[in-house]
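You will see two complexes here that share chain A, one where it goes with chain B and one where it goes with chain C.
Moving on to the complex of A and B:
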């Protein structure tokens, strides 16, 4: 495959054609912030935090999917980029509980995020779903990065138990017909838990442990152990 | 937000895939498991057992103090004691002294043949090496075996005979490089879930063709180009008919046959009678499917075969595995990337336990025990007088129990195994266990076998000790201590060293075989000094990922695929085969073929998973029966049914489903309250001594709901 030379923040870099801007920047040691992007998932450019400015392009480009081209001039921290990222973070923060999303929290100071910018914004308030023995789903914390849906599908498990439901502000991750997880095709591999960036998906043991239960008490709360106690 | 005190990398304790784990620990509690996304083995993916199934270590039924039975057990009347009230809590000193006294008493009186030990495919390499060393060097017996006998013994014998090596020839992740692969006798999605993900990707992302040859309509059939639903026990005719087609249609790799194999002519003559028509008649598989499968595999650029217990757990297990191996020898689909002969090993460390010599015919490194020069090498290593080690082949797992009678085996040491769940025909196994004079159990829980013991030695779990596992594709990986052992539990290798010293003192053996290890690394060092395949496997080298044995020296990078140039025995050997049906065939009284296996959520005898929250997902035994059969016997989905064979009878719920073929019923063997192995037949493969778990005759009748042990243990699941 042929190579392509471009500049990123005025530094020249040569990478194979087909490389994304995000990966090309990595070559140079330039870190572009991401939320939805994950090394194990197909990039989908959902969160838009990784946007960069490409000279001559009308709109900002999502660097996780935009491929490099010869002579391209990329700016990863222009004022327009910075403002865009800041707004994304402020909007996300206004609607979602990001208190357990360490990577996102880490971005806030660097982009001078004003956490009070949208005081009237409605916070998503979705009751926690505790419908299976393995993990809990707290969609108030969901940033809709789509990673869980992807690993449940072709990016890992080919199980297709979950997907997007609803539209706009009502969009969330759910099962078909809102079925309890046990009644879906879910095999409880927890690939989804493994890629969740914001604490929306959590092992049930961890959730109980956080509430102060001891490992012994957590074990005793299972149906099997209760039955064993009786019998 | 919870912040871990530490995140410790280690290896999954369940299946042979050997997934890399990261255990997140706070306050000496594991609360979450993740996996590194750059892992070669599992790329960050885990299954339900690996991700959520570690909590058995916290179960309050776990025994963490040494125990001695209160009432003296008499051979013939030995009884099970599950209740702690029947045991006395003792100190480690008392437990080990008692064990040493009783073992030495029996050894002095009845000699080496009265002693026997089950090593453990769940324990680390170092534990297994030491346990076989203790029995061989101190009790001078080769009555050493482990559960490999019950899973892949047929494959091991066949592979040794045909090519001279019994391990998986290729790396599991190479499946994406195959353009055609056969999966047979393996429900890979449930039993090697992460390899199954790679298989799915091979088909869906890399365009490989998949051929499933299995009596059950497995999940993989959804992706298969061909599914050959054969009757259990008819592998020899089906695979040999494929060979017949490959030969008849000139699809053989002539050059490979000439340069790398022997016995072809004789084999080809014997295969003449295995026409697809004949195979269809005995196996029930449409002849056209057999022809198509043969063409598809033989004409592939890179063809691979993956197989499981459906090949080996038969009275014709060795012949079945040979029939499979022949296909690779005919086509030359071996010795290159994306090809190979790949028996999927069940346990996390069954490859390792076998490598460590936990077998009755072999010292570590597969050195035959009846060869003088091998014995002499180990005599030197273990400081045993010349001629001291036994040159006599020992008893296998199954034989150890059948020989449990006066004049035969009198004492048995069980490390982590559970024959009272995993042996065939459990009523007979129970009878044999009762005949023992002395039984030691070293485990986490008092399981169905440990309940028969005189002394219980509480072992540390996999998260509480250091060591190494060798996975199904021969990768030696580092197991790390994450927690302090619960209670007084101790790592197996330490228990063995202490006991061995006590035994040595009592036996007055000259010199010492050496039991003063400070760390498991030194144990592996000792093994590597004699076994060339492990010569280069050193702990510091395992810090960054594992090493695939053979690793010939300290700079050797390991061996991703085997047999590129030649086979260990030189030429690959064809063996003419005959079809001999399973020992017990269906008849009017027992009209179904019962086949057994496992489910995703559970593990073997259930010592671990049934003490874990995994049991919440799959809390009761289910028998799969085809709708046509169910209608015939008047059974509806979810109904209680009684399944019986000539040996026993169990009551469990019916899962009426097309996942099993007409005439074949399937029961997983994890459930003590409806133990499938009460029904299975104790017929053995004559060469490999592996029992015929995959085929016996059974009947199914409706039963009453009250006959179920736990009628309330029911979960509605949507999976597969």
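Moving on to the complex of A and C:
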């Protein structure tokens, strides 16, 4: 494959054609923030935190999917980029409990995020779902990165236990007609828990530990539950 | 639920099963027609029969607002609450209907006969205030009787009001010549008026020559993006991959837009002829028409038209003995504005939630089912028969050098004669609104015109002499959009109009990308408190940040334009948004 030369923040870089701007920036040691992006998942350009300004483009480019081209001039921290990233983080913070999303919390100071930017904003307050012995689902912490849905489907497991419910701001992740996880096709592979960036999906034992149960109590409680479900 | 009889479902789905997932929306529509809603066992059976994962089926049900998981009334009443109907008293209509049935919005009447919803724009702005009673449109539903027209909720529900007629007006009737009857033009009438002559000319020349003629005409897309039609066709025709598809975007849902409804209901054969020519040009033998779910009248008209065309040999194998074969499938949406976005429409036809795809790749190479696809708006396509029949030079006699041809404008709001007007490019806004549409209603003064659509901008009285062309509008900072010209007289509170637009976008955001999923919600919240006289310090800056972030960083055109009207108003009338501003009425 042929090579492409472009500039990112005025620094020239040469990468193979087909490389994304995000990857090209990594070559230069320029870090572009991301939320939904995950090495093992199809990039869907959802969070838009990775947007950059490309000279001549009408709108900002999602660097996780936008490919480089010859002579491209990319700005990763222009005024438009900064405004979008800050506002995205402020809006997300106003809707979702990001207290257990360390990577997102780390971005806040760098973009001067005002954590009270949107007063009177509706939050996605959703009760925790504890319906199986393996993991709990706390969708008030869900940032809708789609990774769990993707690994449950074509990105890994082909299990299709979960999908989206609702639309727009009301979008949630859920099972068919909100069935308990044990009544779905879920095989408890744990991959969704593994890719969750914000503590919305959590191993049941970890969650019980955080609730203050002792390891002994946790073992007893999850074992009993398993037996009961089998019976 | 155990007493649910699934036999009728099996019978209804039998012809759809071989199609698999792409038949999911039609299957759910068929199921809902039987059971009134989509309870869990029915959804599970659809999943089993079509081989679609259970969670995907409920995901699709949830995405489309015309699918119901809970029982609704036998007849669902959808009362429009968007700007054109809002200006005409739509809220009072909703209230009157609810009072008549003694229920609240989203409730079912105790006898199960009715439920009432506030609907997004129904495309009946020329008959505002409007509603749908089941599949029947009711227009001019003014609670105060006028001209002896029966006007009470009992009349609207009983169906003894005249059906709203879709007619076109204007001075250049290239596309709408047959749209003056208030009823569909039959195949015989269409043929008598010279119909299908364009197709015959096209089939007598090469596909490349057809594309060359369309390119020479200078035709550009009328759905909002103004992309050159011939270039799009050329891309699809030259792309690798088989089969190829032509898709007609008839998912007209932009508030204030009703031009395609007039074409669909008035002259269906012209649309079929256009698709045949397009299919021949790009090398497609299959086409889809994706019609918005709320357009029930247009659906009946198009179904009949397709049947008539098939019987007459205009669709099917070996058309007109030329060896060219082509057929069409008519699909109905299910209540999702986003499916008017081309890639979201492909997803919907494929049986999925209407999430827009990342572009590139573009539809001409990777479209429907991943195959090369040309997708055109109804109005765009309707230009094609004229161009082929009379030639691009004749077509270019209309309009201007850079904006050839004619354009349909949807004039609504505070004008004497709201309606669809087909005029040559170059007519001024003043001529359209004052000369053709009969000026501002009741002799009031003009405050502003919402121009282009919900995703449009506001025009001020000093812009009335701007000629309606792509080049002049661009210079004036006004988007042509989908041809919306929504007039507000001097008495109007624009905060009310903006709040309705904000609600529309929040309701219709698909929820995929963060800027739009979160931004449309925040924008609506802020607009609501501003309209209610409870603006907070910093709300203007919040609207600007949210608006620019949606415009700059959203994934698709919906999010990128969800703040356009708000940003336009902020620029023109910043005082409206200040905490000190008086409460809206």
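As a convention for this text, the second predicted complex is superposed on the first by the 221 of 231 C-alpha atoms of A that agree within 3 Å, B and C clash if a C-alpha of one lies under 4 Å from a C-alpha of the other, contacts with A are read in each partner's own complex, and residues count from 1 in each chain.
One rule holds in what follows: a residue touches a chain if its C-beta (ideal position, glycine included) is under 8 Å from a C-beta of that chain, and two chains touch if they have at least 3 such contacts.
Every value quoted in this text rests on a predicted model; they were computed, and no experiment measured them.
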Could you tell me whether chain B and chain C fit or clash when both sit on chain A in the superposition? fit
Look at A:118 in the shared chain and tell me whether it touches chain B only, chain C only, both, or neither; answer first, second, both or neither. second
First (chain B), second (chain C), both or neither: which does A:185 touch? both
Going by the contact rule set out at the top, does A:150 touch chain B (first), chain C (second), both, or neither? neither
Put down the vertex angle at chain A formed with chain B and chain C, C-alpha centres only, nearest 10°. 120
Which holds for A:87: it touches chain B only (first), chain C only (second), both, or neither? second
Mind working out whether A:140 is in touch with chain B, chain C, both or neither, as first, second, both or neither? neither
Where does A:167 make contact in the superposed view: on chain B (first), on chain C (second), on both, or on neither? second
According to the stated criteria, A:63 is in contact with first (chain B), second (chain C), both, or neither; which is it? neither
Output check: A:205 vs chain B and chain C. Expected answer is one of first, second, both, neither. What do you get? first
Considering only touches as defined above, state whether A:223 meets chain B (first), chain C (second), both or neither. first
How many Å separate the nearest C-alpha atoms of chain B and chain C in the overlaid structures? 11
Using the superposition described at the top, list the residues of chain A that contact chain B and also contact chain C. 184-185
Considering only the defined contacts, which chain A positions touch chain B in the complex? 38-40, 99-100, 102, 132-135, 151, 154, 156-158, 179, 182-191, 193-194, 199, 202-206, 209-210, 214-216, 218-220, 222-225, 227-228
Per the touch rule, the chain A residues reaching chain C in their complex are 35, 44-49, 51, 59-60, 62, 65, 80, 83-84, 86-88, 90-92, 94-95, 117-122, 144, 153, 160-171, 174-177, 184-185
Can you check the complex and tell me which residues of chain C touch chain A? 40, 43-44, 47, 53-59, 62-63, 65, 69, 336, 353, 358, 506-515, 517-522, 525, 529, 536, 542, 545-546, 548-549, 551-555, 560
Given the complex, residues on chain B that touch chain A span 1-2, 26, 29, 31-35, 37-38, 43-48, 51-52, 55, 58-61, 193, 197, 200, 204-205, 600-601, 610, 613, 615-617, 619, 710, 712-713, 715-720
